[in-house]
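Look at the two complexes coming up: chain A is in both, with chain B in one and chain C in the other.
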Partner chain A sequence: MTHLLRSQRLKLIGAGLIGLALVLFLVPGAGDISAGFLNGAFGGRNFFNLYATLGRYAILLGMALAVVISFRAGLLNIGGEGQLVLGGLVAALVGAYLPAPPFVVAVAALLAAMVVGAGWAALAGFLERGTGVPLLIGSLLLNYPASFVASYAVSHPFRDVASGATQTFRIMQEAGLPRFNGTILDYGVFLIGAAALAYIVLEDATVFGYRSRLRGYSAGFARASGFPIRRLYYRTLMLSGAAAGMTGFIAVFGSSQRYVDGMLTTPLYAWTGIAAVLLAAVRPRLVPVTAFFFAVLATGSIGMERTAGIPREFGQVIQALIVLTLAGFAGKLTAIAGGRR
Partner chain B sequence: MLVPKTDSNQGAVCSLRSVSKSFGSLKALSDVSFDIRRGEFLALIGENGAGKSTAVSVLFGLLEPDTGHVEVEGTPRRFVSARDAIDAGFGMVHQHFKLYPELTVIENVLVGNERGGPLARIPFRAAESRLRDIIDSYDFRLDLNVRVAELSVGEKQRVEILKLLFREASVIFLDEPTSVLTPQECHSLFAMLRRLQKEGASVVLISHKLDEVVSNAERILVMRRGEVVAERAVAETDRSELARLMVGAQIDTPTKVNVATDNIALSVRGLTVAGPSDKPRVNAVSFDVAEGEIFGIAGVSGNGQKALVDALIGLEPSSGGTVLFYGEDITRKRVAERRAAGVGYMSEDRMSVGLAAQGTIAENAVAGREQTAAFSRSGWLRKRAMIQNAQELVEKFDIRTPSAQQLVGKLSGGNQQKVVVAREVSARPRLLLVENPCWGVDVGAMANIHGQLIDLAKTGCAIVLVSSDLEELFALSDRVGVIYDGAIRRIFPRAELDTFAIGAAMAGDGQFSKDYA
Partner chain C sequence: MFFDAALIDSVPRLVTPVLLAATGGALCERSGVFNISLEGMMLVGAFAAVAGTYYSGSPWGGLVVAMIAGAAFGLLFAFFSVWRNGDDIIVSIGVNILAVGLTALLLRSLFGVSGQFDDPGIFALPAINLGPVANVPLIGGLLSGQSVLVWLAVLLVFATHHFLHHHNFGLRLRAAGQNAEALRTVGLSPEWIKTGALIACGALCAVGGTQLSISNVTLFAEGMSAGRGWIALVIVMMCQGRLPWILLGALLFGFIDAVGVRLQGLDLPQQVTDALPYLLALLVLALSYRRRMGGAHAA
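Here is the complex of A and B:
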């Protein structure tokens, strides 16, 4: 099955690339489109767009990391969005209100964001183990209260009224993530990259990674082998939630410097993260590559819109098609869900 | 309702002609040709991975051959799907039944027979009278309106056969049909198959069990490594020749000698496991197993043996009673604690409990011991040690694999089970719980696995062996307990083992007499 999946995946990607190449070279005016796409993803004055792509990549990779941590263990945590939003909100509040030296503020905000993300994920886990709500449903539904709580927080109690927008106050400026000289890109991409690398090593080389991976292959096997099922379940889920929370911190302490209502939900980061993990067939090593692909697709289609007048939603349509095709080919989700308990 | 008996009884109803089929580098079938003749009882035997299922899948249109073709009544046909095969009169009783437990018998029979649009009425009334005729005529004793979930395994199998009769199948394939039946049920199954055959149907039995093959089939095809290596009329062969042909070598069947001591290893007292309703799944079971003893548990599957083993290994909480392991109360201990104390477990569900199919041999071979000093150091895996361990086991347990890093899911059934055996035996257990260790395993691997269990008992390990194969229980057990309806009804010492007495106990005491069978 995996074998089939892989060959189908290769065919799919191959067919997509060939199709894309045909469109770009044969259709009149396609030169503009491809130039627009490439420029949108990698070019711009002083490579502005490349930095934008990398900035988006940091967030997407973070969310894909959160997804792969849980999916790899057979836990269908699709509540990354709620964990991301709450992490971002809490990071912004710590950043704006904690009276402490800048470094302490940054570290405290990071930790707070991770704890909140982990807690929100653990809540979905408790719903499954304690009350029997499947994790898939529980984690999905917990996205909504998270978004609404965040919207309320930035509309009322913590709103920067003078700014006119529904957003928090700016975080302490010196506590924000440093940027690469003369660019809009912050060091967040390093932080996420390091986290992804750490997970890849962890998953491959530790007892925890071994158990979580084999649990993902078969939950029944994990139980019968005497793995510490409960601890493994919560630990994996909380690690996943912490990765989402950390991503929220990076989005807030990086480019935006505050939490703006909808900033983490409108771009569909969490969902794109799931798509990246599915495209990587839930293999940790491939996730950084597929996440980059989706980052390029998003910024490239913005460039395409500017130069060729093709709506940027086109990029999202392509992304949706990829996900649908993958889901159709492999029933990957059911395969994962099959190993749930 | 069946195809009438014709003069050309020797004519082929369907044939494979020079069929080859590869999966990647694996050659599953190479240049296979054979006929299935009208009205014959054919047996297709061979080790796991010999190509039996591939051959049948090609006949059924589930797989497309790389070269060669299928002929029906002498004309080349190209089946695109199983629907074509069904329309051509082929029917299959799968080893794992394809029934909807929530639907009634009649609904299950009619699934796939709906004609007309989504709003068309399903002709239940008409079907019902026809089905009643079939049921009466074959003495199936089935209630059409009962939910399939409530049927016994034997009854479910009869529903599968009823489906085929309703569709007027003229070629009936049965894949390992007796693995879940009592001896009495097997007996009536074969009586019924012979009757179908007499009425003109062709019966194709795919089986590992040489006994039933020799006593029922007329013609036997032996497959090995994707080829048909022999064809025998049943009169001109015997079990040992067939076994030799299947594995391509003489097999020495290991024999069990009594090595049990007086030292009690496992003592189960009044063990009870609650069920979904008021009725417990395991009901006050008590027995002892001595050091070095193999204690067999016979029973029709679904009578509580699964829950009993689950409770012994700690996967299922018990609601009453105690389990003593060398005097230590382990009733409430977790799986990991029991394993650490020296309890091993080989699940009958090899693909999802016994093994993680997507993991490598090296990964699977250390499960349960991943945190011991041999395989990890302060949380970090000792990967080299894991691989070396797997290489040693591959060597010692004769696991046929290109490497220790091979994914377990890519091994054949027998070799997968050898990985499980290797893991459990190499952990040096003092008590091993074993469920149906030879399900879907070929004769060669079976001898290997039985030999390992016997050797393990010699080292003083106590073994609880649950099996639906009486031959296996008789070959290995020092004593056999019969479980029925959650309770152990009788315990037979080795000297008193008798197929029909055990069969009667399996069916709930005296419900079947020897005369019936």
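Here is the complex of A and C:
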């Protein structure tokens, strides 16, 4: 099964590349399109677009991390969006209102965002364990109240009315994530990269990681082995929510410096994170690669729009087709949760 | 007055989209497909209805185009989930992303706008006036002046119920959900039956979307299904695909929706009232699952 999955995956990728090459060769104007795509993802003046790709990569990797943490343990937390939004909102509020030295503000905002993300995930967990509402549905439905809370907060009590847009006040400027010299790219990508690395080590080399992974292979076996199932469940879920919250912090303290209504939901970050994890077949080590692929797809599509007039939503369509095609290859989710090495 | 006739009159148009999607969802549920892409299918229907009306010049054309588009999405779902044996949840996620991406893409490439499209060339489906009934107190406005889709929805729910319980194909559809192997042993293909259920589901969701885009308003806005597909899914799960209960559930949510709209009139922020159906959905789910711990889809 595992071998089958892998070899078919390779065939799929091979077929995709050949198909792409054919299209580029045969379709007139395809040269423009591909040049626009590459420029959009990697080029621009002073590599401006490459930095945009990396900035998006930080957010997508964070969301993919949140997904892989939970999927690997067999927990279908697809409420990353709500956890992300609340994390971002809380980070923005701490950043704008906490009267403290910049470093303290940044750390407090990060912690607050992670706590809120973890809490929102734990709420979905409580719904499943306490009342039996499947995590899949509970976590998903909680996305909406989270978005509405955030939307309300930025359009009424915490709105920067003078700015005209529905957004919070700017965070304390010195507390924002530092940027690479002369670029728009902030250090958030490092922060998320470190978190991803930490998780890979955690799941590979610690008791918690082993147990969590085993739970993904077989929840029944984990229970029969006498693992502290309840604690494992909540810890994994809260870790996943904290990753999403952290991503919200990075989005706010990085490029935007405030929470703008819809900034974390409109680009479908959370869903793209799921797509990245599925493309990686729930293997943590591959997730950084597949998340990068989707970041390139998104910014490349924006470049394509500029040069060839193809709407950027084309990237989302491609992404959806990838997910659908993968579904045909990957088999049942319950079977691939836990992932294979 | 808070509970007045206007509040009651607004319930049917709010119920209809959710009811249609939930009816489609029930077909999937009963045939053993866990379809959580009702939301995407509704969005596609809403867009196709507007596009179809714009190009054909008639809202009926829009309705037909919407049903074809929805059916096509159902077929797409079936191809990947039933025939390629993909996971229903992954396929649903793909279909939902595709719906968001494709509607936004077509909105820009066909009409050159993003966000929202309205045009004087888009007409609403007619409302049905019942003449003297309109003057009956209390129920006059409830029955008369509703969009033709409201009545179509009611008709479809009863037809689907009849089909499921008093028709050979309905029996086979339920068998596909309960014991696909048994169906195979009598020489029938559960795959084709599930495919049929998914196509019908897509079309039903799309009609629900039509109610959103060319009934009370005549426009398409990105993301205009606004989570109603998820509410419909909750109703399906709560009622385990039993249509009489689904009708009741949809009425409940439609009523809450109507109350929410009314509360906005009382200066309550829109975001608060928008959250009402979701909180209610969670509450109802929690209560119903508490009753039967370890329900059908315990993941």
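Just so we're on the same page, the second predicted complex is superposed on the first by the 332 of 341 C-alpha atoms of A that agree within 3 Å, B and C clash if a C-alpha of one lies under 4 Å from a C-alpha of the other, contacts with A are read in each partner's own complex, and residues count from 1 in each chain.
What we mean here is this: contacts are C-beta pairs under 8 Å (C-beta built on N, C-alpha and C of every residue); 3 or more make two chains touch, one makes a residue touch a chain.
This is a predicted model, so every value here is computed, not measured.
Novice: A:R213 in the overlay: touching chain B, chain C, both, or neither? Say first, second, both or neither.
Specialist: first
Novice: On the A-aligned overlay, A:L142 touches which partner chain: chain B = first, chain C = second, or both, or neither?
Specialist: Only chain C; A:L142 stays clear of chain B.
Novice: Have a look at where A:A205 lands relative to chain B and chain C in the superposition and call it first, second, both or neither.
Specialist: The first partner, chain B, only.
Novice: Which partner, once the models are overlaid, touches more of chain A's residues, chain C or chain B?
Specialist: C
Novice: Return first, second, both or neither, reflecting whether A:F221 touches chain B, chain C, both chains, or no partner chain.
Specialist: Touch status of A:F221: first partner only.
Novice: Hey, which residues of chain B end up touching chain A in the complex?
Specialist: Where chain B meets chain A, its residues are 24, 313, 315, 334-340, 345, 347, 349, 352-359, 363, 367-368, 370-371, 376, 379-381, 383, 407, 409.
Novice: Touching residues of chain C toward chain A in the complex: what are they?
Specialist: Contacts found on chain C: 36, 76, 80-81, 84-87, 89-91, 93-98, 100-102, 104-105, 108-109, 114, 227, 230, 233-234, 237, 269, 271-272, 274-275, 278-279, 281-282, 285-287, 289-290, 292-295, 297-299.
Novice: Hey, which residues of chain A end up touching chain B in the complex?
Specialist: Contact set of chain A toward chain B: 2-3, 205-211, 213-214, 217-218, 220-228.
Novice: Which bits of chain A are touching chain C when the two form their complex?
Specialist: 76, 78, 127, 130-138, 140-142, 144-145, 148-149, 151-152, 155-156, 268, 271, 274-275, 278, 311, 313-317, 319-321, 323-334, 336
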